[in-house]
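Right after this note come the structures.
The same chain A turns up in both complexes below, where it pairs with chain B and then with chain C.
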Partner chain A sequence: MSLEARFQEFKAAAYAPKKLLNEYKAAGKKVIGVLPYYAPEELVYAAGMVPMGIWGSNNKTIARAKEYCATFYCTIAQLALEMMLDGTMDQLDGVITPTICDTLRPMSQNFRVSMAKLQKMPTIFLAHPQYRRPAFGLQFTVDQYTNVRNELDKIAGHKMTDEDIRAAIKVYNKFRQARREFVKLAGEHPEAVSAVNRSAVLKAGYFMEKPAYTEKLNELNAELAALPASNWNGVKIVTSGIICDNPVLLKIFDDNNVAIATDDVAHESRTIRVDADEEGDPMMALAKQFANEDYDVLLYDEASNQNRRGEFVANLVKESGAKGLVLFMQQFCDPEEMEYPYLKKALDGAGIPHIKLGIDQQMRDFGQAATAIQAFADVLSM
Partner chain B sequence: MAKEVSPGVKALRKVVEDVYADARKAKAEGKLVGWSSSKFPCELAEAFDLNVMYPENQAAGIAANRDGEIMCQAAEDLGFDNDICGYARISLAYAAGKRAARKIDWDKEDGYVINPRTGKPLKDADGNIVMGPDGKPVKDPKTQTPYIVLEDIYEIEALPEGREKERRRESIQPYRQMRMPQPDFVLCCNNICNCMTKWYENIARMCNIPLIMIDVPYNNTMDPNPENVKYIRAQFDNAIKQLEELTGKKFDEAKFEHACKQANRTAQNWLKVCNYLQYKPAPLSGFDLFNHMADVVTARGKKEAADAFDLLAVDLEKNIKEGTSTLPFPEQYRVMFEGIPCWPKLPNLFKPLKANGINVTAVVYAPAFGFVYNNMDEMVSAYCKAPNSVSIEKGVEWREGICRENKVDGVLVHYNRSCKPWSGYMAEMQRRFTADLGIPCAGFDGDQADPRNFNEAQYETRVQGLVEAMQIRKEMAE
Partner chain C sequence: MSIYTLGIDVGSTASKCVILKNGKDIISKSLIDVGAGTSGPARAIEDVLTSCGLTHEDMDFTLATGYGRNSLDGIAHAQMSELSCHARGATFLFPDVHTVIDIGGQDVKCMHIENGALVNFQMNDKCAAGTGRFLDVMARVLEVKVSELGDLAAKSTKRIAISSTCTVFAESEVISQLAQATDKCDIINGIHHSVANRVVGLVNRIGVQDRVVMTGGVAQNKGIVESLEEGLGHIVYTSPLTQYVGALGAALFAYQKALKAQQ
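== the complex of A and B ==
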């Protein structure tokens, strides 16, 4: 199979999740929607159901969600609600609603209230602790994940066992490993993996069934690994932000010979950095996995008087061989906005140029972004 | 003639003045001064005799003193986006050493450059406004104020000793919130919002100081689950250990119990004062509570605050007996004001209410600061119940409770650009208020601290709409 044909397979999944949802349902499977961030998807898999990530949409316009939201909320959350209300997600058997940012807190209530009012589906509430690592924090995560587990059992109609969860952890560790490998190979081979294709491959992972996805990705990775060393002559950058999956926007990178060496994006690498223990108590393993997450704008840093996250991202740029960083600033995203000055400080300190692109999922005109990216590419090529 | 200030109000003002003065004194003596989020369990800091300042109260004060915009702008120049909470922006600019200051007139030995646009119109002996040759009213020079510019305390401190340094130091706006000491540690409790977590992390980084954190996860049920209480209780123990390390003192159980007792008294007295709004007509203007909130925020654990609220209750009792009120107009309608007020625009908020005889007789701040408890676990549960950490059902129960008890005719909802967790489910709440209580609601867009986000014309139209709806309802009832 040609590389292009492989990319087409991932694109088909990435750009048409509704079709996959219909197929899962037609095959008699139960499907659970999973909202950002850090929901223990492994539990959905362990319950014998299919998890599908819901990170907004690049093709929808906010209309019905206005009944619940004022305008100053991130479009990812608003468009997720839109799709819950407009029928796009009606086939879901349930949805997990984490609450780790200030938009998701009240949105968890809007999801629950509206889904109950329309008799659409149960919502599963999830509150993560900000003290992730001390024993009391780990225990709280286990307690919360146990609630999620129990609610999933109800929807599945049977109880998942610890063994089911251990098996799910193994599946997800392989999934994350394949994704990490792909991110690395895509960074090494921009001549073969465009920014648009890179994103589609990663995005498809939210919708495809994990074992099938991992298998296909490993095949792609093997082909990429076998390629001769890259002779590509554009500029490499690192992307950062919550999400940057709009193919129209990403094509601007490709058109300007700008490649993504690696990323610090919540929708991409921030969720795949840490694996879970495959032995021992599987609920504690999942709690520890969350505890080991780090360098994220959404997570409390106990060493708060240091600039660990900023320095981590600056190092990521240096180690990846990229020349600069492009920050996709999701409009109305407080956590990302709050961490920007210190990210900037670390980047400036390390001599790494960057640009900040304000984006949201209802943007259709990327003229300004195109000018900024083009100018940045010119600066970096000098 | 200046309005007479009642003994209770005087006492409440003094309590807050003293909290700031004590902190300035402590700082001058080289003692530790902390900054704390408003719903951090203050009892813990009180047990260590720590001087603590409250950035939310400070930011509200700065905004009310009309310096919100220059401070927000200063934060934006530091890289903080203008979508971020206005309190956070003001506080972060302040933590970075930025200050609103009067523009120095360097051509003179002393004094500032007066902004000709400020000041009230000059009146002649008969009380008529004096018009200038340009046909515009002449400003009374006594009421004119200087231009406000941005200063930086770290820049000032780097100057050699001398007159320039002295003058620049003096030029910083003289009100207490702009003279608050820089922090030596921060106390953060995110029961209010998650923005708080990153806000305080930023302060800790800017000032290179320790952060003591209490994490209160969002609650989806009517009451906190036992596992939430256990998780937060463990953090209290953790915070005590950190405070012991910070101060080099052992945790003083007696002082802690004393603070708890006082905090309970303050909370109860605060609720008692809020409950005077149940009287019809009310013996006070609901806007008074916005001013008195400073006491529950900055001095909850202090005897003086509890006593001052007691005194205020005496004032209000007297008003009832005498049939008077602090409301400067007859009360025709009673509404709940939902959300944090737009501090920089308080007079503008008040204007159409006054014009239409509307008294705010219910504010969500009443239950929001009513932390009453009998033991440590109950104390933990109490701190789980901040407006932005409870489920929509709990939030509706609170509000509908005070709407019923305080007999409101309508609800005015502030869609506060600064506060995403608060405004995020207000649309659904509005529907419930109308369905459950049969009262009209009107929403308007504003901001708790950034005056640029408030549209006076829209606000007035919405208030007018609410009045018409309340009028129709009243007529139908009659």
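== the complex of A and C ==
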């Protein structure tokens, strides 16, 4: 199978999740929607159901969700609700609503109230602790995850066992490892992996069933690893932000010979950095996995005055061989906006040029972004 | 044998062309007051060629820039961003330039130049405040021509604060001032300072360094230029060719590419 044919398979899944949802339901499977992010998807898998990530949409506009949302909520959250209101997600058997940021926190109640009012589906509330590493923080996470587990059991109609969860952890560790390997190979072979294709491969992971996805991705990785050393002569950058999956926007990178060396994007690498222990108490293993997550705008950092995250991102750029960073600033993401001065300070301190592009999922015209990306490529090529 | 290069700047509100001879002499220029998606680019190209008696076949290289730079298939040999072209054009006119401010029809760009090369830049967020469009909207509300704004602001005797950062709400503020019979000249002066405040904030993000040059059509508005000078604390230089700086930069890059193609 050609590389392009492999990419087409991932694109088919990434761009048409509704088709996959229909197929899962037609096969008699139960499907759980999972909102961003750090939800223990392993529990959905362990319950014998299919998790599908919900990170907004690049093809819809906000209409019905306006009834529930403040105007400054990000479009990711608003369009997620829109799809749950307009019938797109009606076949879901439930949805997990994490509360990891200041928008998702109140939005969890918008989801709860609207889904109950319209009698569409159960919502499963999930709160992560601020202090995730001390014993009390780990216990808080275990308690929250246990609640999610119990609610999933109700929807599944049977109780998952610890062994089911341990098996799910193994599946998800392999899934994350394959994704990390792909990110690395895509950065090494921009001549073979366009920014558009890179994004589609990673996005498909939110919709496809995990074992099948991992198998396909490992096959793709093997082909990429066997390629001769890249002779690509464009400019490499690192991307940062919550999400940047719009193919129209990403094509601007490809058109200007700008490749993504690696990323600090929540939708892509931030959520696959840490694996969970495959032995011992699986609920604690999942809690520890969350505790071990780091360098994320949305996670509390007791040493934030040291600007550890800024330094981490600057090092990511340097170690990846990229020449600069493109920050996709989701409007109006408070955590990312608040962090930006610190990120800028770290990048400036390390001599790493960057640009900040304001984006949202209702954007259809990327003329200004195209100008900035092209000019940034010129600057980095000097 | 002479090398002729054509730079075409297809902006959101105007189309500009410059023909350079041997990368240094401007032998023709044209400007049509409509931009991307209109007949403007074709008319501007026709004008610039007609006025110097050359044809498109005489051009050794044609390079497009501006918002509509990708719409000239079959005419332009290459395209570049207007940031790079404005930086290049401004350096041609002011060799010691370090800061370039370009207020365009729909965006504001601030550039930092070192040794003639663009090294850093900032653009406005997705908002019309501080752009040429903002001035268009305000001129319409005030029932004056955009080209009159500078002279009218010079007659202002009192500073009116237009505090809203959003074009829509600023328009409401202006209407409110008109309803209170505030002098139009004072309102225009306030609008200029409102635009300047937005731009100053943007320029300060990349650092202001002399010489500061303003490019683009809005630079013809001396009220804006003076407000910027006040806000920045630096002299802001403009050129009679201010509207052509992007096209000039494109023609200069085209010359570079023509030379490379000949090698």
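As a working rule, the second predicted complex is superposed on the first by the 382 of 382 C-alpha atoms of A that agree within 3 Å, B and C clash if a C-alpha of one lies under 4 Å from a C-alpha of the other, contacts with A are read in each partner's own complex, and residues count from 1 in each chain.
Keep this in mind: a residue touches a chain if its C-beta (ideal position, glycine included) is under 8 Å from a C-beta of that chain, and two chains touch if they have at least 3 such contacts.
All values derive from a computational prediction rather than experimental measurement.
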Partner chain(s) touched by A:300 [first = chain B, second = chain C, both, neither]:
first
So in the superposed three-chain picture, is A:331 touching just chain B, just chain C, both, or none of them (first/second/both/neither)?
both
Any idea whether chain B or chain C touches more of chain A?
B
Name the contact category of A:58: first (chain B only), second (chain C only), both, or neither.
neither
Is A:289 touching the first partner chain B, the second partner chain C, both, or neither of them?
neither
Touch test for A:221: chain B only (first), chain C only (second), both, or neither?
neither
Quick check for you: in the superposed arrangement, does A:136 touch first (chain B), second (chain C), both or neither?
first
For A:103, decide between first (touching chain B), second (touching chain C), both and neither.
first
Taking the superposition on A as described, I'd like to know which of chain B and chain C A:127 touches: first, second, both or neither.
first
On chain A, what residues does chain B touch that chain C touches as well?
331
Given the complex with chain A, which residues does chain B contribute to the contact?
78-81, 83-85, 88, 190, 193-195, 197-202, 204-205, 207-211, 213, 215, 217-220, 227-228, 230-231, 234-235, 238, 388-389, 391-392, 415, 417, 420-428, 445
Residues of chain C defined as touching chain A within the complex
67, 80-84, 106-107, 117-121, 123, 125-126
Which of the residues in chain A end up touching chain C in this complex?
331, 353, 355, 358, 363, 367-368, 370-372, 374-375, 378-379, 382
Which part of chain A faces chain B closely enough to touch in the complex?
67-70, 72-73, 99-103, 105-110, 112-114, 125, 127-131, 134-137, 139-140, 143-144, 297, 300-302, 304-307, 329, 331-332, 334-335, 337-342, 344
